[in-house]
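These are the structures in question, set out in turn.
Here chain A shows up in two complexes: once beside chain B, once beside chain C.
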Partner chain A sequence: MKEEEIQVFIRGTISYFEEVTGIKAELDIPYTKGPEQLLLDYSGHIGISGNRKGGLYITCPRPMLEDITRKILLTDEVDDQSVFDMIGEIANTIAGNARTSFGSEFNISVPTIFKGKPNNFRIVLRTPVVVLPINWKGYQAYLVVGID
Partner chain B sequence: MRITAEDVTALLDCIRAYFTSIGGQKPEFGVPYSLDARQQRHPLYTYSGHIGISGSHRGGMVITCDKDLISGLLQLVLGGPAVAEEDIIHMIAEMVNTIAGNARVHFGSGFDISVPTVVVGEPEEFKFVLAEPTFVIPFTWSGHRANAIIGLT
Partner chain C sequence: MKLMIVDDSSIMRKAIEKYLTGAGIEIVGTAGDGKQAVELFKQTLPDVVTLDITMPEMDGLQCLEELLKIKPDVKVMVVSALKDEATALEALKKGARSFLGKPFTPESIKEAFDQVVAD
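On to the complex of A and B.
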(Lines of atoms letter the chains of each structure in order from A and count residues from 1; the text may use other names and numbers.)
(Lines give C-alpha, C1' and ligand atoms only; values in the text may rest on other atoms or scores of the structure.)
Protein backbone atom coordinates (compact mmCIF):
# COMPACT_ATOMS: atom_id res chain seq x y z
CA MET A 1 0.00 0.00 0.00
CA LYS A 2 1.21 3.47 -0.87
CA GLU A 3 1.44 6.19 1.76
CA GLU A 4 -1.45 8.13 0.26
CA GLU A 5 -3.56 4.98 0.40
CA ILE A 6 -2.82 4.59 4.09
CA GLN A 7 -3.96 8.19 4.45
CA VAL A 8 -7.32 7.16 2.98
CA PHE A 9 -7.89 4.79 5.87
CA ILE A 10 -6.62 7.32 8.41
CA ARG A 11 -9.01 9.99 7.13
CA GLY A 12 -11.87 7.50 6.91
CA THR A 13 -11.35 6.36 10.49
CA ILE A 14 -11.12 9.88 11.88
CA SER A 15 -14.19 10.87 9.93
CA TYR A 16 -16.14 7.82 11.12
CA PHE A 17 -15.67 8.57 14.80
CA GLU A 18 -16.29 12.29 14.42
CA GLU A 19 -19.46 11.89 12.39
CA VAL A 20 -20.95 9.04 14.37
CA THR A 21 -19.97 9.96 17.92
CA GLY A 22 -19.14 13.66 17.67
CA ILE A 23 -15.72 12.96 19.21
CA LYS A 24 -12.59 12.82 17.08
CA ALA A 25 -10.33 9.81 17.11
CA GLU A 26 -6.58 10.27 17.08
CA LEU A 27 -4.37 7.92 15.14
CA ASP A 28 -0.81 7.05 16.12
CA ILE A 29 1.89 6.41 13.57
CA PRO A 30 1.05 3.40 11.37
CA TYR A 31 3.44 0.48 11.41
CA THR A 32 3.93 -2.80 9.62
CA LYS A 33 2.51 -5.70 11.54
CA GLY A 34 4.72 -8.62 12.52
CA PRO A 35 3.61 -12.14 13.41
CA GLU A 36 2.26 -11.14 16.83
CA GLN A 37 -1.38 -11.55 17.74
CA LEU A 38 -3.18 -8.23 17.50
CA LEU A 39 -6.66 -8.78 18.77
CA LEU A 40 -8.81 -7.12 21.39
CA ASP A 41 -12.23 -8.22 22.65
CA TYR A 42 -14.15 -7.95 19.34
CA SER A 43 -12.91 -7.89 15.74
CA GLY A 44 -14.81 -7.13 12.55
CA HIS A 45 -13.27 -8.37 9.27
CA ILE A 46 -14.12 -7.28 5.71
CA GLY A 47 -12.91 -9.02 2.55
CA ILE A 48 -11.99 -6.74 -0.36
CA SER A 49 -12.22 -7.63 -4.05
CA GLY A 50 -12.51 -5.87 -7.39
CA ASN A 51 -9.80 -3.35 -8.26
CA ARG A 52 -7.92 -4.17 -5.02
CA LYS A 53 -7.71 -7.47 -3.24
CA GLY A 54 -7.21 -8.21 0.41
CA GLY A 55 -8.92 -7.62 3.70
CA LEU A 56 -9.02 -5.49 6.78
CA TYR A 57 -10.20 -5.81 10.32
CA ILE A 58 -10.83 -3.47 13.19
CA THR A 59 -10.40 -4.75 16.71
CA CYS A 60 -11.71 -2.95 19.80
CA PRO A 61 -12.12 -3.46 23.53
CA ARG A 62 -15.67 -4.11 24.67
CA PRO A 63 -15.98 -0.96 26.84
CA MET A 64 -15.18 1.16 23.78
CA LEU A 65 -17.89 -0.57 21.74
CA GLU A 66 -20.37 -0.15 24.60
CA ASP A 67 -19.54 3.56 24.75
CA ILE A 68 -20.02 4.01 20.99
CA THR A 69 -23.26 2.01 21.07
CA ARG A 70 -24.64 4.16 23.89
CA LYS A 71 -23.88 7.31 21.89
CA ILE A 72 -25.51 6.00 18.73
CA LEU A 73 -28.54 4.31 20.22
CA LEU A 74 -29.00 6.93 22.95
CA THR A 75 -29.50 4.27 25.56
CA ASP A 76 -27.74 3.10 28.70
CA GLU A 77 -28.69 -0.50 28.04
CA VAL A 78 -26.14 -2.21 25.81
CA ASP A 79 -26.46 -5.95 25.31
CA ASP A 80 -24.13 -8.52 23.75
CA GLN A 81 -25.93 -8.43 20.42
CA SER A 82 -25.60 -4.67 20.09
CA VAL A 83 -21.86 -4.85 20.75
CA PHE A 84 -21.53 -7.67 18.24
CA ASP A 85 -23.38 -5.68 15.61
CA MET A 86 -21.46 -2.48 16.36
CA ILE A 87 -18.01 -3.87 15.52
CA GLY A 88 -19.39 -5.12 12.20
CA GLU A 89 -20.92 -1.73 11.49
CA ILE A 90 -17.65 0.09 12.20
CA ALA A 91 -15.67 -2.22 9.91
CA ASN A 92 -18.31 -1.92 7.21
CA THR A 93 -18.45 1.88 7.37
CA ILE A 94 -14.68 2.43 7.39
CA ALA A 95 -14.24 0.05 4.45
CA GLY A 96 -17.21 1.68 2.70
CA ASN A 97 -15.71 5.15 3.18
CA ALA A 98 -12.54 3.96 1.49
CA ARG A 99 -14.56 3.36 -1.68
CA THR A 100 -14.83 7.10 -2.22
CA SER A 101 -11.07 7.13 -2.82
CA PHE A 102 -10.45 3.67 -4.27
CA GLY A 103 -13.47 3.84 -6.59
CA SER A 104 -16.69 1.95 -7.07
CA GLU A 105 -14.80 -1.18 -8.13
CA PHE A 106 -13.40 -1.42 -4.60
CA ASN A 107 -15.83 -4.12 -3.54
CA ILE A 108 -16.34 -4.97 0.10
CA SER A 109 -17.89 -8.10 1.56
CA VAL A 110 -20.22 -8.18 4.54
CA PRO A 111 -18.38 -8.22 7.86
CA THR A 112 -17.41 -11.36 9.70
CA ILE A 113 -17.20 -10.81 13.42
CA PHE A 114 -14.98 -12.58 15.88
CA LYS A 115 -15.31 -12.40 19.62
CA GLY A 116 -12.43 -13.20 21.92
CA LYS A 117 -8.68 -13.42 21.75
CA PRO A 118 -7.62 -16.89 22.78
CA ASN A 119 -3.84 -17.26 22.80
CA ASN A 120 -3.75 -19.39 19.69
CA PHE A 121 -6.21 -17.26 17.69
CA ARG A 122 -5.04 -14.89 14.96
CA ILE A 123 -6.32 -13.38 11.72
CA VAL A 124 -3.73 -13.70 8.93
CA LEU A 125 -4.11 -11.03 6.24
CA ARG A 126 -2.18 -10.71 2.99
CA THR A 127 1.20 -9.16 3.74
CA PRO A 128 2.49 -6.52 4.14
CA VAL A 129 -0.09 -5.69 6.79
CA VAL A 130 -0.35 -2.13 8.06
CA VAL A 131 -1.58 -1.35 11.58
CA LEU A 132 -3.27 1.95 12.35
CA PRO A 133 -3.48 2.47 16.13
CA ILE A 134 -6.66 4.35 17.07
CA ASN A 135 -7.20 6.36 20.24
CA TRP A 136 -10.76 7.38 20.99
CA LYS A 137 -11.75 8.76 24.39
CA GLY A 138 -8.79 7.03 25.97
CA TYR A 139 -9.61 3.66 24.46
CA GLN A 140 -7.04 1.91 22.27
CA ALA A 141 -8.21 0.06 19.14
CA TYR A 142 -6.52 -1.02 15.91
CA LEU A 143 -7.40 -0.92 12.24
CA VAL A 144 -5.39 -3.62 10.48
CA VAL A 145 -5.21 -3.50 6.66
CA GLY A 146 -3.68 -5.95 4.21
CA ILE A 147 -4.44 -5.18 0.54
CA ASP A 148 -2.49 -5.50 -2.68
CA MET B 1 -32.14 -13.81 -1.76
CA ARG B 2 -31.36 -17.04 0.02
CA ILE B 3 -29.09 -19.95 -0.70
CA THR B 4 -31.03 -22.53 -2.66
CA ALA B 5 -30.68 -26.30 -2.78
CA GLU B 6 -29.05 -25.84 -6.20
CA ASP B 7 -26.48 -23.50 -4.68
CA VAL B 8 -25.61 -26.04 -1.98
CA THR B 9 -25.33 -28.79 -4.61
CA ALA B 10 -23.02 -26.59 -6.68
CA LEU B 11 -20.81 -26.00 -3.65
CA LEU B 12 -20.67 -29.72 -2.93
CA ASP B 13 -19.54 -30.25 -6.52
CA CYS B 14 -16.84 -27.58 -6.15
CA ILE B 15 -15.51 -29.14 -2.95
CA ARG B 16 -15.55 -32.61 -4.47
CA ALA B 17 -13.83 -31.35 -7.63
CA TYR B 18 -11.10 -29.67 -5.59
CA PHE B 19 -10.04 -32.88 -3.87
CA THR B 20 -10.29 -35.09 -6.93
CA SER B 21 -8.45 -32.58 -9.13
CA ILE B 22 -5.35 -32.86 -6.97
CA GLY B 23 -5.51 -36.62 -7.04
CA GLY B 24 -7.18 -37.13 -3.68
CA GLN B 25 -10.08 -39.34 -2.81
CA LYS B 26 -13.61 -37.94 -2.85
CA PRO B 27 -14.80 -36.24 0.34
CA GLU B 28 -17.85 -37.61 2.14
CA PHE B 29 -20.50 -35.06 2.95
CA GLY B 30 -22.69 -34.85 6.03
CA VAL B 31 -26.08 -33.20 6.17
CA PRO B 32 -25.86 -29.41 5.64
CA TYR B 33 -27.45 -27.35 8.38
CA SER B 34 -28.29 -23.73 9.04
CA LEU B 35 -25.99 -22.14 11.57
CA ASP B 36 -28.07 -20.84 14.42
CA ALA B 37 -26.54 -17.81 16.15
CA ARG B 38 -27.73 -19.23 19.45
CA GLN B 39 -25.79 -22.42 19.04
CA GLN B 40 -23.40 -23.07 21.89
CA ARG B 41 -20.55 -24.33 19.72
CA HIS B 42 -19.23 -22.55 16.65
CA PRO B 43 -18.27 -24.72 13.68
CA LEU B 44 -14.64 -23.64 13.32
CA TYR B 45 -11.69 -25.99 13.56
CA THR B 46 -8.08 -24.90 14.09
CA TYR B 47 -7.44 -23.49 10.60
CA SER B 48 -10.04 -21.52 8.68
CA GLY B 49 -9.67 -19.96 5.24
CA HIS B 50 -12.16 -17.14 4.69
CA ILE B 51 -13.13 -15.51 1.39
CA GLY B 52 -15.21 -12.36 1.33
CA ILE B 53 -17.81 -12.25 -1.44
CA SER B 54 -19.11 -9.09 -3.07
CA GLY B 55 -20.59 -8.02 -6.37
CA SER B 56 -23.70 -9.96 -7.39
CA HIS B 57 -23.82 -11.56 -3.92
CA ARG B 58 -22.54 -10.37 -0.56
CA GLY B 59 -21.27 -12.63 2.14
CA GLY B 60 -18.47 -14.99 2.81
CA MET B 61 -17.25 -18.54 2.54
CA VAL B 62 -15.09 -20.44 5.01
CA ILE B 63 -13.35 -23.78 4.77
CA THR B 64 -12.29 -24.91 8.22
CA CYS B 65 -10.41 -28.01 9.32
CA ASP B 66 -7.68 -29.27 11.60
CA LYS B 67 -4.01 -29.52 10.74
CA ASP B 68 -4.16 -33.23 9.89
CA LEU B 69 -6.38 -32.63 6.85
CA ILE B 70 -4.10 -29.93 5.47
CA SER B 71 -1.04 -32.05 6.17
CA GLY B 72 -2.67 -34.80 4.14
CA LEU B 73 -3.23 -32.39 1.27
CA LEU B 74 0.36 -31.17 1.41
CA GLN B 75 1.57 -34.74 1.41
CA LEU B 76 -0.45 -35.28 -1.74
CA VAL B 77 0.55 -32.06 -3.49
CA LEU B 78 4.16 -31.72 -2.40
CA GLY B 79 4.95 -35.33 -1.71
CA GLY B 80 6.03 -34.56 1.83
CA PRO B 81 4.65 -33.45 5.18
CA ALA B 82 4.14 -29.80 6.12
CA VAL B 83 7.19 -28.41 7.80
CA ALA B 84 6.27 -24.84 8.55
CA GLU B 85 3.14 -23.18 9.87
CA GLU B 86 3.29 -20.97 6.78
CA ASP B 87 2.82 -24.05 4.56
CA ILE B 88 -0.38 -24.89 6.41
CA ILE B 89 -1.65 -21.31 6.14
CA HIS B 90 -0.88 -21.10 2.42
CA MET B 91 -2.52 -24.45 1.74
CA ILE B 92 -5.85 -23.66 3.38
CA ALA B 93 -5.84 -20.24 1.71
CA GLU B 94 -5.27 -21.93 -1.63
CA MET B 95 -8.02 -24.47 -0.96
CA VAL B 96 -10.73 -21.93 -0.13
CA ASN B 97 -9.58 -19.68 -2.98
CA THR B 98 -9.88 -22.51 -5.50
CA ILE B 99 -13.26 -23.70 -4.22
CA ALA B 100 -14.69 -20.16 -4.15
CA GLY B 101 -13.21 -19.47 -7.58
CA ASN B 102 -14.82 -22.57 -9.01
CA ALA B 103 -18.14 -21.52 -7.45
CA ARG B 104 -18.15 -18.56 -9.84
CA VAL B 105 -19.12 -20.97 -12.61
CA HIS B 106 -22.40 -21.53 -10.77
CA PHE B 107 -22.98 -18.09 -9.25
CA GLY B 108 -21.80 -16.09 -12.26
CA SER B 109 -18.93 -13.78 -13.12
CA GLY B 110 -20.39 -11.03 -10.91
CA PHE B 111 -19.58 -13.22 -7.91
CA ASP B 112 -16.45 -11.35 -6.80
CA ILE B 113 -14.16 -13.03 -4.34
CA SER B 114 -11.55 -11.41 -2.11
CA VAL B 115 -8.16 -12.89 -1.45
CA PRO B 116 -8.32 -15.38 1.41
CA THR B 117 -7.87 -14.41 5.02
CA VAL B 118 -6.75 -17.23 7.27
CA VAL B 119 -7.92 -17.51 10.84
CA VAL B 120 -5.82 -19.69 13.11
CA GLY B 121 -7.36 -20.97 16.31
CA GLU B 122 -10.88 -20.78 17.59
CA PRO B 123 -12.50 -17.54 18.73
CA GLU B 124 -15.17 -17.59 21.43
CA GLU B 125 -17.82 -16.71 18.84
CA PHE B 126 -17.98 -15.74 15.20
CA LYS B 127 -20.73 -14.47 12.95
CA PHE B 128 -21.38 -13.38 9.38
CA VAL B 129 -23.29 -10.13 9.45
CA LEU B 130 -26.24 -9.61 7.08
CA ALA B 131 -25.68 -13.00 5.55
CA GLU B 132 -28.11 -15.24 7.36
CA PRO B 133 -29.01 -17.98 7.11
CA THR B 134 -25.45 -19.23 7.17
CA PHE B 135 -25.10 -22.82 6.01
CA VAL B 136 -22.61 -25.33 7.31
CA ILE B 137 -21.68 -28.26 5.06
CA PRO B 138 -19.79 -30.86 7.12
CA PHE B 139 -17.51 -33.24 5.29
CA THR B 140 -14.71 -35.66 5.91
CA TRP B 141 -11.74 -36.27 3.67
CA SER B 142 -9.47 -39.20 4.24
CA GLY B 143 -11.01 -39.54 7.68
CA HIS B 144 -10.38 -35.91 8.64
CA ARG B 145 -13.28 -33.65 9.57
CA ALA B 146 -13.92 -30.27 8.00
CA ASN B 147 -16.73 -27.78 7.44
CA ALA B 148 -17.57 -25.55 4.52
CA ILE B 149 -19.51 -22.54 5.74
CA ILE B 150 -21.29 -20.08 3.47
CA GLY B 151 -23.44 -17.07 4.12
CA LEU B 152 -24.77 -15.09 1.19
CA THR B 153 -27.24 -12.28 0.84
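On to the complex of A and C.
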Protein backbone atom coordinates (compact mmCIF):
# COMPACT_ATOMS: atom_id res chain seq x y z
CA MET A 1 0.00 0.00 0.00
CA LYS A 2 1.13 3.51 -0.73
CA GLU A 3 1.57 5.99 2.09
CA GLU A 4 -1.45 8.04 0.97
CA GLU A 5 -3.54 4.88 1.04
CA ILE A 6 -2.52 4.21 4.63
CA GLN A 7 -3.58 7.79 5.35
CA VAL A 8 -7.09 6.93 4.12
CA PHE A 9 -7.42 4.38 6.91
CA ILE A 10 -5.83 6.68 9.49
CA ARG A 11 -8.25 9.50 8.65
CA GLY A 12 -11.16 7.06 8.47
CA THR A 13 -10.41 5.64 11.92
CA ILE A 14 -9.96 9.04 13.56
CA SER A 15 -13.15 10.28 11.95
CA TYR A 16 -15.13 7.17 12.97
CA PHE A 17 -14.37 7.51 16.68
CA GLU A 18 -14.93 11.25 16.68
CA GLU A 19 -18.28 11.06 14.86
CA VAL A 20 -19.64 8.11 16.81
CA THR A 21 -18.39 8.87 20.31
CA GLY A 22 -17.45 12.56 20.22
CA ILE A 23 -13.99 11.58 21.46
CA LYS A 24 -11.03 11.55 19.09
CA ALA A 25 -8.86 8.49 18.69
CA GLU A 26 -5.12 8.92 18.41
CA LEU A 27 -3.10 6.70 16.14
CA ASP A 28 0.50 5.74 16.80
CA ILE A 29 3.01 5.34 14.00
CA PRO A 30 1.98 2.50 11.65
CA TYR A 31 4.32 -0.45 11.29
CA THR A 32 4.64 -3.54 9.15
CA LYS A 33 3.25 -6.58 10.88
CA GLY A 34 5.56 -9.50 11.57
CA PRO A 35 4.58 -13.12 12.24
CA GLU A 36 3.20 -12.30 15.70
CA GLN A 37 -0.48 -12.92 16.37
CA LEU A 38 -2.29 -9.65 16.94
CA LEU A 39 -5.72 -10.50 18.28
CA LEU A 40 -7.38 -8.94 21.33
CA ASP A 41 -10.74 -9.89 22.88
CA TYR A 42 -12.89 -9.37 19.76
CA SER A 43 -11.99 -8.92 16.09
CA GLY A 44 -13.98 -8.00 12.99
CA HIS A 45 -12.62 -8.90 9.55
CA ILE A 46 -13.67 -7.54 6.16
CA GLY A 47 -12.56 -9.16 2.90
CA ILE A 48 -11.72 -6.86 0.00
CA SER A 49 -12.25 -7.72 -3.66
CA GLY A 50 -12.71 -5.88 -6.94
CA ASN A 51 -10.01 -3.38 -7.88
CA ARG A 52 -7.98 -4.38 -4.79
CA LYS A 53 -7.54 -7.71 -3.03
CA GLY A 54 -6.97 -8.68 0.57
CA GLY A 55 -8.66 -7.59 3.75
CA LEU A 56 -8.53 -5.75 7.01
CA TYR A 57 -9.50 -6.37 10.58
CA ILE A 58 -9.92 -4.35 13.72
CA THR A 59 -9.23 -5.96 17.07
CA CYS A 60 -10.32 -4.43 20.40
CA PRO A 61 -10.49 -5.19 24.11
CA ARG A 62 -14.02 -5.90 25.35
CA PRO A 63 -14.23 -2.89 27.74
CA MET A 64 -13.55 -0.57 24.80
CA LEU A 65 -16.39 -2.14 22.78
CA GLU A 66 -18.71 -1.89 25.77
CA ASP A 67 -17.85 1.79 26.11
CA ILE A 68 -18.54 2.52 22.41
CA THR A 69 -21.76 0.49 22.51
CA ARG A 70 -23.00 2.45 25.53
CA LYS A 71 -22.40 5.69 23.64
CA ILE A 72 -24.24 4.50 20.53
CA LEU A 73 -27.20 2.94 22.28
CA LEU A 74 -27.40 5.64 24.97
CA THR A 75 -27.70 2.99 27.66
CA ASP A 76 -25.68 1.52 30.51
CA GLU A 77 -26.80 -2.03 29.74
CA VAL A 78 -24.65 -3.80 27.17
CA ASP A 79 -25.17 -7.46 26.31
CA ASP A 80 -22.82 -9.98 24.67
CA GLN A 81 -24.55 -9.84 21.29
CA SER A 82 -24.18 -6.06 21.14
CA VAL A 83 -20.46 -6.23 21.91
CA PHE A 84 -20.08 -8.93 19.26
CA ASP A 85 -21.92 -6.86 16.66
CA MET A 86 -20.11 -3.66 17.58
CA ILE A 87 -16.73 -4.89 16.36
CA GLY A 88 -18.28 -5.92 13.03
CA GLU A 89 -19.92 -2.55 12.59
CA ILE A 90 -16.66 -0.68 13.23
CA ALA A 91 -14.84 -2.82 10.66
CA ASN A 92 -17.69 -2.42 8.16
CA THR A 93 -17.83 1.35 8.52
CA ILE A 94 -14.07 1.96 8.27
CA ALA A 95 -13.77 -0.36 5.24
CA GLY A 96 -16.92 1.00 3.58
CA ASN A 97 -15.89 4.61 4.05
CA ALA A 98 -12.52 3.82 2.40
CA ARG A 99 -14.41 3.20 -0.85
CA THR A 100 -14.78 6.97 -1.21
CA SER A 101 -11.00 7.09 -1.79
CA PHE A 102 -10.39 3.69 -3.43
CA GLY A 103 -13.32 3.90 -5.87
CA SER A 104 -16.60 2.08 -6.38
CA GLU A 105 -14.82 -1.11 -7.52
CA PHE A 106 -13.42 -1.47 -4.00
CA ASN A 107 -15.81 -4.14 -2.78
CA ILE A 108 -16.20 -5.11 0.84
CA SER A 109 -17.59 -8.32 2.30
CA VAL A 110 -19.96 -8.58 5.20
CA PRO A 111 -17.97 -8.69 8.44
CA THR A 112 -16.71 -11.91 9.99
CA ILE A 113 -16.54 -11.56 13.73
CA PHE A 114 -14.61 -13.69 16.15
CA LYS A 115 -13.81 -13.77 19.82
CA GLY A 116 -10.32 -14.34 21.20
CA LYS A 117 -7.78 -16.32 19.22
CA PRO A 118 -9.50 -19.08 17.25
CA ASN A 119 -7.19 -21.84 15.98
CA ASN A 120 -9.06 -22.70 12.83
CA PHE A 121 -9.90 -19.29 11.43
CA ARG A 122 -7.96 -17.97 8.45
CA ILE A 123 -7.76 -14.18 8.19
CA VAL A 124 -7.43 -13.14 4.56
CA LEU A 125 -4.83 -10.40 4.21
CA ARG A 126 -2.28 -9.61 1.50
CA THR A 127 1.30 -8.75 2.46
CA PRO A 128 2.79 -6.42 3.43
CA VAL A 129 0.36 -6.05 6.29
CA VAL A 130 0.27 -2.67 8.01
CA VAL A 131 -0.70 -2.24 11.67
CA LEU A 132 -2.29 1.01 12.82
CA PRO A 133 -2.24 1.20 16.64
CA ILE A 134 -5.33 3.03 17.94
CA ASN A 135 -5.58 4.76 21.31
CA TRP A 136 -9.05 5.77 22.45
CA LYS A 137 -9.86 6.79 26.01
CA GLY A 138 -6.83 4.89 27.27
CA TYR A 139 -7.78 1.69 25.45
CA GLN A 140 -5.41 0.15 22.91
CA ALA A 141 -6.80 -1.42 19.74
CA TYR A 142 -5.37 -2.22 16.32
CA LEU A 143 -6.50 -1.78 12.74
CA VAL A 144 -4.61 -4.31 10.61
CA VAL A 145 -4.70 -3.75 6.84
CA GLY A 146 -3.36 -6.09 4.18
CA ILE A 147 -4.40 -4.99 0.69
CA ASP A 148 -2.34 -5.41 -2.45
CA MET B 1 -46.25 6.27 9.90
CA LYS B 2 -45.07 2.64 9.68
CA LEU B 3 -41.28 2.15 9.67
CA MET B 4 -39.17 -0.94 8.93
CA ILE B 5 -35.44 -1.08 9.75
CA VAL B 6 -33.09 -3.27 7.69
CA ASP B 7 -29.45 -3.71 8.71
CA ASP B 8 -27.32 -6.80 9.30
CA SER B 9 -25.93 -5.26 12.49
CA SER B 10 -28.16 -5.57 15.53
CA ILE B 11 -26.39 -2.55 17.01
CA MET B 12 -27.42 -0.42 14.06
CA ARG B 13 -30.99 -1.73 14.16
CA LYS B 14 -31.25 -0.89 17.86
CA ALA B 15 -29.63 2.55 17.35
CA ILE B 16 -31.92 3.50 14.46
CA GLU B 17 -34.95 2.30 16.40
CA LYS B 18 -33.90 4.33 19.42
CA TYR B 19 -33.07 7.50 17.45
CA LEU B 20 -36.24 7.46 15.33
CA THR B 21 -38.81 6.30 17.82
CA GLY B 22 -41.18 9.13 18.55
CA ALA B 23 -44.58 10.55 18.06
CA GLY B 24 -46.40 9.03 15.16
CA ILE B 25 -43.76 6.44 14.23
CA GLU B 26 -44.60 2.76 14.58
CA ILE B 27 -41.73 0.31 14.09
CA VAL B 28 -43.43 -2.56 12.28
CA GLY B 29 -40.38 -4.76 11.93
CA THR B 30 -36.62 -5.12 11.72
CA ALA B 31 -34.63 -7.42 9.42
CA GLY B 32 -30.99 -8.53 9.29
CA ASP B 33 -30.72 -9.33 5.58
CA GLY B 34 -32.40 -8.50 2.30
CA LYS B 35 -34.37 -11.74 1.93
CA GLN B 36 -35.82 -11.49 5.41
CA ALA B 37 -36.63 -7.82 4.70
CA VAL B 38 -38.66 -8.67 1.59
CA GLU B 39 -40.70 -11.26 3.46
CA LEU B 40 -41.35 -8.94 6.37
CA PHE B 41 -42.17 -6.10 4.00
CA LYS B 42 -44.90 -8.16 2.29
CA GLN B 43 -46.55 -8.76 5.66
CA THR B 44 -46.24 -5.27 7.14
CA LEU B 45 -46.22 -2.90 4.11
CA PRO B 46 -44.43 -0.05 5.87
CA ASP B 47 -44.48 3.56 4.65
CA VAL B 48 -40.76 4.12 5.21
CA VAL B 49 -37.77 1.75 5.24
CA THR B 50 -34.20 2.40 6.37
CA LEU B 51 -32.02 0.07 4.33
CA ASP B 52 -28.37 -0.94 4.68
CA ILE B 53 -26.48 -2.05 1.53
CA THR B 54 -23.82 -4.56 2.60
CA MET B 55 -25.80 -7.49 3.94
CA PRO B 56 -25.77 -11.29 3.59
CA GLU B 57 -28.26 -13.24 1.43
CA MET B 58 -29.53 -10.28 -0.59
CA ASP B 59 -27.79 -6.89 -0.59
CA GLY B 60 -29.60 -3.62 -0.03
CA LEU B 61 -29.69 -2.49 -3.65
CA GLN B 62 -31.32 -5.75 -4.80
CA CYS B 63 -33.66 -5.55 -1.85
CA LEU B 64 -34.59 -1.99 -2.80
CA GLU B 65 -35.73 -3.17 -6.24
CA GLU B 66 -37.86 -5.92 -4.69
CA LEU B 67 -39.49 -3.58 -2.20
CA LEU B 68 -40.41 -1.10 -4.93
CA LYS B 69 -42.01 -3.89 -6.98
CA ILE B 70 -44.25 -4.70 -4.02
CA LYS B 71 -45.08 -1.12 -3.02
CA PRO B 72 -43.88 1.51 -5.53
CA ASP B 73 -44.61 4.48 -3.26
CA VAL B 74 -42.59 3.20 -0.28
CA LYS B 75 -40.03 5.75 0.89
CA VAL B 76 -36.66 4.04 1.20
CA MET B 77 -33.78 5.76 2.97
CA VAL B 78 -30.49 3.97 2.30
CA VAL B 79 -28.13 4.08 5.29
CA SER B 80 -24.72 2.68 4.39
CA ALA B 81 -21.01 2.80 5.12
CA LEU B 82 -20.51 2.79 1.33
CA LYS B 83 -20.87 6.52 1.10
CA ASP B 84 -19.04 7.14 -2.17
CA GLU B 85 -20.86 9.20 -4.77
CA ALA B 86 -21.29 6.35 -7.26
CA THR B 87 -23.04 4.14 -4.69
CA ALA B 88 -25.29 6.96 -3.52
CA LEU B 89 -26.25 7.80 -7.11
CA GLU B 90 -26.95 4.16 -7.90
CA ALA B 91 -29.26 3.89 -4.90
CA LEU B 92 -31.12 7.06 -5.85
CA LYS B 93 -31.37 5.92 -9.48
CA LYS B 94 -32.92 2.64 -8.34
CA GLY B 95 -35.58 4.57 -6.45
CA ALA B 96 -34.27 5.36 -2.96
CA ARG B 97 -35.59 8.69 -1.68
CA SER B 98 -32.53 9.51 0.39
CA PHE B 99 -28.99 8.35 1.15
CA LEU B 100 -27.23 8.69 4.50
CA GLY B 101 -23.63 7.64 5.08
CA LYS B 102 -22.50 5.79 8.19
CA PRO B 103 -21.50 6.62 10.79
CA PHE B 104 -24.49 8.77 11.64
CA THR B 105 -25.52 10.66 14.73
CA PRO B 106 -28.98 10.73 16.34
CA GLU B 107 -29.39 14.22 14.89
CA SER B 108 -28.23 13.42 11.35
CA ILE B 109 -30.49 10.37 10.95
CA LYS B 110 -33.48 12.18 12.46
CA GLU B 111 -32.97 15.09 10.07
CA ALA B 112 -32.62 12.79 7.04
CA PHE B 113 -35.67 10.81 8.13
CA ASP B 114 -37.81 13.92 8.61
CA GLN B 115 -36.86 15.10 5.12
CA VAL B 116 -37.85 11.76 3.59
CA VAL B 117 -41.18 11.77 5.39
CA ALA B 118 -41.91 15.37 4.39
CA ASP B 119 -40.94 14.74 0.77
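Here, the second predicted complex is superposed on the first by the 141 of 148 C-alpha atoms of A that agree within 3 Å, B and C clash if a C-alpha of one lies under 4 Å from a C-alpha of the other, contacts with A are read in each partner's own complex, and residues count from 1 in each chain.
Everything below uses one rule, namely that a contact is a pair of C-beta atoms (placed from the backbone, for glycine too) under 8 Å apart; a residue touches a chain by one contact, two chains touch by 3 or more.
Nothing here was measured: the structure is a model prediction, and the numbers come from that model.
Novice: Determine, for the superposed model, which of the two partners chain B and chain C contacts more residues of chain A.
Specialist: For chain A, the partner with the higher number of touched residues is B.
Novice: With both complexes superposed on chain A, which partner does A:Gly116 reach: first (chain B), second (chain C), both or neither?
Specialist: The answer is first: A:Gly116 touches chain B but not chain C.
Novice: Is A:Asp148 in contact with chain B, with chain C, with both, or with neither (first, second, both, neither)?
Specialist: In the superposed model, A:Asp148 contacts chain B only, not chain C.
Novice: Would you sort A:Gly55 into first (chain B), second (chain C), both or neither based on which partner it touches?
Specialist: In the superposed model, A:Gly55 contacts chain B only, not chain C.
Novice: With both complexes overlaid on chain A, does A:Thr100 touch chain B (first), chain C (second), both or neither?
Specialist: Once the two structures are laid over each other on A, A:Thr100 reaches chain C alone.
Novice: Once the shared chain is lined up, is A:Ile108 touching chain B (first), chain C (second), both, or neither of them?
Specialist: A:Ile108: touches chain B and chain C.
Novice: Touch test for A:Arg126: chain B only (first), chain C only (second), both, or neither?
Specialist: After superposing on A, A:Arg126 lies in contact with chain B but is clear of chain C.
Novice: Given the touch rule stated above, what does A:Asp85 touch, chain B (first), chain C (second), both, or neither?
Specialist: Both chain B and chain C are touched by A:Asp85.
Novice: Now for A:Gly47: first (chain B), second (chain C), both, or neither, which partner does it touch?
Specialist: first
Novice: Do any residues of chain A touch both chain B and chain C, and if so, which are they?
Specialist: Looking at chain A, the two contact sets intersect at 85, 88, 92, 108-110.
Novice: For a test of understanding, state which residues of chain A touch chain B in their complex under the given definition.
Specialist: 44-50, 53-55, 84-85, 88, 92, 107-126, 146, 148
Novice: Quick check on the complex: what are the chain A residues that touch chain C?
Specialist: Per the stated touch rule, the residues are 16, 19-20, 69, 72-74, 81-82, 85-86, 88-89, 92-97, 99-100, 103-104, 108-110.
Novice: Could you please specify the touching residues of chain B with respect to chain A in the complex?
Specialist: Residue positions touching the partner: 46, 50-55, 58-60, 89, 112-115, 117-131, 151, 153.
Novice: Show me the residue ranges of chain C that touch chain A in the complex, using the header's touch definition.
Specialist: 8-12, 14-15, 18, 54-56, 80-87, 101-103, 105-106
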